[in-house]
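Every chain is named by a letter (A, B, C and D) in the order it is written, and numbering of its residues begins at 1.
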């Protein structure tokens, strides 16, 4: 018998036009944290979805605790004590935390000894207990819709724990979290391991692997490249193995040469749907040749600022000026025309039309004007040419080239497509919201390079990011937001990471 | 068509008679199985076929009830038949087909052929209409003689002449009973449902505005019952089903009088039956007659109205198919003779009489 | 005045039970335009069974009221299998499936009615004739002004519907089946990830909608004409859909919508009658329920929201 | 073993005709139709009739195949023209559904829109005594505008008040039906036919009883327009900015908004186009195929068109073919019933079956691609 709790042997999985996993074999020991690393589309999620019972492999075998199994469904996986925390949360937003957790394994009681009903009260109690035990405090009666992303993730983890999983798979759990939250999560993961659970962690962040993982498998284009002992490997080496070349973590950049003012946000106030002020009296300016970053913990109003500038949200007070012109009440289309590029936070529901093909999505901001359309008539050739050009230029990978349905592309490549489209607009102001979320390090490096390149060409760039490292890395000026208010605006050299962190937590302000 | 043609036709027809007459019946959406009007016409054909086993019949249904579509349906199939029977007012327009197909024979019931140019009569169309007012008259008399609450009513579909005839006939019958037998029976009319006849004249009555609206039928039925009416003459096609249901649900002593055909079977309500009798037109008999004429070679086109004198109108008197008292039955039988010999001429839509004033009253 | 309430209720409640059927299906994520067909087919099977049983055992059809209701439910459920198979197993577009089922139901039931009548009774009648339903009045309470009308001339099916509606509420909101069902309509992936078979849940939901619609159809058949014929297809299935959307896919507001329809309908007829206008004006009053609905929707629609996954073909792989 | 292989390759050869993805939009409905005819044949066999004869009669009745004998002034040509005449409104109606569908909207109110536009055109032009030269275009125009306005209202209510278009259209169907019934009964009734009074020949979009070469035919002028419209709609949807925006809104409202597309305007626009097409269906129906309006009756075309449109893949050209097929079955049914003695309801059953099997097209496609993958795998592993 082997000492592996999970063994995947010669796994191959094909999708139309692509081999997502090509003869991959890995073994995972009980009680270790095993990391999976690889570029976007390398096949990590696919491999783990197979283990989680979402897909069946075309070829290959799986052994759990030494026994050969065919995992036919997530339910089956759960029976084998395998639980998966998905990259895209699978929660019912109208349901409470408890309802989401117990879904499928509801505790029952009988009314008048006859009518069975779901015993929510008891479940609430149990979940409260469970969450305390693992240090994942939640209020079980809260609705998912009212939770922050990191809270939702807690619910996902609790779901798995509630089902008494022994093998926990985390698919990019940190992509949506703030540094503090990541810290916390990694602590939880280590705690789980120390409690005897086996953890598989998919992440693009090498420090995380370095910090918690014991071993790490590297995938590349569906193939297993190597399995590494994390202690003995540097992050540089890992990166190199994964991307196939050397990666620069610190983007080299020249000092900013700021010129005229491009964007001026003047006493901006934004209310959300419930009439609650989520952006309060915010003012700042961005110049040509400047990367202005808004740092902050999630849900502190930064996305709303970006939306307000781009015109997706109504402004309830203050002004937005682009190159001196008041655009506060302009339509979205006019703003684009006047010079705003926007990479939105939610790429699937805002950035892309998932059922359109890639070339169409690449032209989504320009389809109506020359050369894509003249006198209201579209030119197919122009779409295709433009699409092919961008695919090459930005290295967008997909199964069927410009004809690929965007829905079938990996998340990282979807992101690349959006970035390509927005940069191609060559707008004086470019807004990047979470541009590198879920993107592999090779691509991150590229994106950062591109941002700096655009800056150097005289663009004004607004970066909204939850990742402090990213901000410290590329920003020229940093504005820290807390609770809808800008706490501090200063040049990036004048601030330390720690200081920014403190402002972000609202612990320090001017 | 010129005379020569029609002479040839007759020869053709006689020949057809030998190796089987091909008959088609084209009907409204309710089809030949509607248990009433259409079916009675169809039965006439079936009777005929019993006696002429070589003859065949095909039943075709026109699905919309629209006059233009009705004519189109006939046009679609006319080539394959010798005789086309079309029960229903919406087939008036077949006259144009008749003109184009002089070798085919058309038997219309319930409508006069639409004029083609100036022509109103056609050699190959036999259009029959019935004196519904006579059937209605017997119904009215029966109602007036049998009512206990002294309130009766008639429910109609749409104020086409045939329906207005039934209504006026019924009202004539009630007035007759009041006058001759000293009754004091009231005719109940719901205010919202007065009808307008084909000339746009308000004829009163209780018109549902449709022959296929059971729900409205029921509403009217219930409203009448609420006003103490205990006998309702239901001359409203499918809408009448709703009235029947209302009466059945009411569980009281309310009765209905059926129309067109013997509707006794529709009246079953548990161990009881709500049908008092039915005011009928003997259509099947006349259809059969017309078909016989075709094979005999005695067929003659024309537009006719059929009266009691040919036993074409009347009421159901067979034992077990009605619930009239002996007394009423004998009074009705007497009146029947008077109608037959023309002493009584009940009011109809266009015969110039009114229910309050007609010959014989 | 009483008529408005009596007729209004006897119309609203069958509509309500059909709408609940729709809620079940749609809450599970399956668009259901087939309610019209379900109620018709259910009524067909119910009526046919009653007629055949009466014929075979010599029972008075009057006594087969409950038998007809039972078979109507079975029939509606049986027919709804087509929608379930098409839209769940065959991943067909749920809209087309629904529309097709309506077309089929009308065609099949008219065809079969004549065919069966011809075969069994030798007369190809286009309808099955049922005994009329009893109606009862609860003496005492019935004398209370206005409210009393609720207890006057009640069809037994009205009581049955209320009981079933209550049970339907319990099943949907209190049991694990209901919890999973509602989750399937919001986010089937979550249900799937929880190890519950989404297809099975949706299948049951569609069958329940068939069952309830069949019941509703049979009630309409009894209350309108005590017949089954193609007249059963009056568009009430579509009205039920409107009601449940109006009710924001929730049971109580849907009941309110149905009552609104019912009372506005009987009220319209009543007003037309009592104003002594020519019958053409009745038509004008008949628009009352529909205009009212539209007006009310203008005020109440803002927050309405369909189940998130409604109409989406569930594909495990798709996110 | 080899037997097994043979079976598999047999299966493969069976699916081969529909395995080419490029042709699937055509081949799959085609296969569905064949399957449904087989199913219908079984039904016909069950009632003891000859299905082949029935189908033959169906096509004869529709003017696709010659009948053994014709009535005076009639021929296969006249039958065929009647077919086109009946088909014209169905094409428009199905296009109306298809356009709305592309915008993510479900226009279940086609019959109401047909009725309103048909009615308005009838009273404004049909009773006016205008010359044909002016009357006919005016009828089309009114149809388009009235339907468009009504559709637009639906779109506007959706955009402005978030009222689900399914409810709005159902409500408007009823309202149109009753209100128009009221007006017809009060002011425009033909006391004999109990429908609206017949319109003038000049206003009619079908030239009726045109005598050519001893034939009396009905020439549906609207038919040509329907074909042109279908092509135009295809062009608009595939090749223009307007179509692009409508499709984007239909696929993902958020992304459309983000891309600078006016979601509200496009929702309304799509419904205006859809309603306008429904209006054209209305005028070609009430002032073409018919020449008067039955009060309180909604045309079933409004509902059939939903299925027809989806049978045609919501594709404008596909819609022409699916309308054609459905019209054949519809039109041929009278003759079939008279010849083969099969009830007309069977034709509705056949239509239902065709639609039923077409609804499974997606499944078929899925199955085929699965089989194909397996086949490819097998070949690979063999080599």
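Operating definition for what follows: contacts are C-beta pairs under 8 Å (C-beta built on N, C-alpha and C of every residue); 3 or more make two chains touch, one makes a residue touch a chain.
Heads up on the chains, UniProt names are A = ABC transporter; C, D = Inner-membrane translocator.
Keep in mind that what you see is a predicted model, and the values were worked out from it rather than measured.
Undergrad: Please identify each chain that touches chain A (ABC transporter) as well as chain D (Inner-membrane translocator).
TA: In this structure, the chains that contact chain D (Inner-membrane translocator) and also chain A (ABC transporter) are C.
Undergrad: Comparing centres built from CA atoms, which chain ends up most distant from chain D (Inner-membrane translocator)?
TA: A
Undergrad: Write out the two chains that share the greatest number of C-beta pairs in contact.
TA: Comparing chain pairs, contacts are most numerous for C-D.
Undergrad: CA centre of chain A (ABC transporter) versus CA centre of chain B: separation in Å?
TA: Distance between chain centres, rounded to whole Å: 78 Å.
Undergrad: So what's the Cα centroid distance for chain C (Inner-membrane translocator) and chain D (Inner-membrane translocator), whole Å?
TA: Whole-Å distance between the two chain centres: 28.
Undergrad: Go ahead and note the Å separation of the Cα centroids belonging to chain B and chain C (Inner-membrane translocator).
TA: Measuring from centre to centre gives 37 Å for this pair.
Undergrad: For chain B and chain D (Inner-membrane translocator), what's the span in angstrom between their mean Cα positions?
TA: From the centre of chain B to the centre of chain D (Inner-membrane translocator) is 38 Å.
Undergrad: Which residues of chain B are in contact with two or more other chains?
TA: Touching at least two other chains: 196, 209.
Undergrad: Considering chain D (Inner-membrane translocator) alone, which of its residues make contact with at least two other chains?
TA: 185, 296, 343, in rising order.
Undergrad: All pairs of touching chains, please: list them by chain label.
TA: A-C, A-D, B-C, B-D, C-D
Undergrad: Enumerate the contact residues on chain D (Inner-membrane translocator) facing chain C (Inner-membrane translocator) in the complex.
TA: So the residues of chain D (Inner-membrane translocator) touching chain C (Inner-membrane translocator) come out as 47, 106, 108, 157, 161-164, 166-168, 170-172, 174-175, 178-179, 181-182, 185-186, 295-296, 303-304, 306-307, 310-311, 343, 345-346, 348-349, 351-353, 355-356, 358-363, 366.
Undergrad: Spell out the residues on chain C (Inner-membrane translocator) that touch chain A (ABC transporter) in their complex, using ranges where they run on.
TA: These residues of chain C (Inner-membrane translocator) touch chain A (ABC transporter): 170, 174-176, 179-180, 182-183, 186-187, 189-196, 308, 316-319.
Undergrad: What does chain D (Inner-membrane translocator) use to touch chain B in their complex?
TA: 61, 67-74, 79, 82, 185, 189, 191-195, 209, 216, 289-292, 294, 296, 334-335, 337-339, 341, 343-344
Undergrad: Which residues, counting only chain C (Inner-membrane translocator), touch chain D (Inner-membrane translocator) once they are in their complex?
TA: So the residues of chain C (Inner-membrane translocator) in touch with chain D (Inner-membrane translocator) come to 33, 82, 86, 89-93, 95-97, 99-100, 102-104, 106-108, 110-111, 114-115, 235, 238-239, 241-242, 245-246, 278-281, 283-284, 286-287, 289-291, 293-294, 297-298, 301-302, 304, 306, 313.
Undergrad: Considering the complex alone, what residue numbers of chain B touch chain D (Inner-membrane translocator)?
TA: Residue list for chain B touching chain D (Inner-membrane translocator): 24, 58-69, 72-73, 75-81, 89-90, 92, 96-97, 100-102, 104, 158, 160, 196-200, 209-210.
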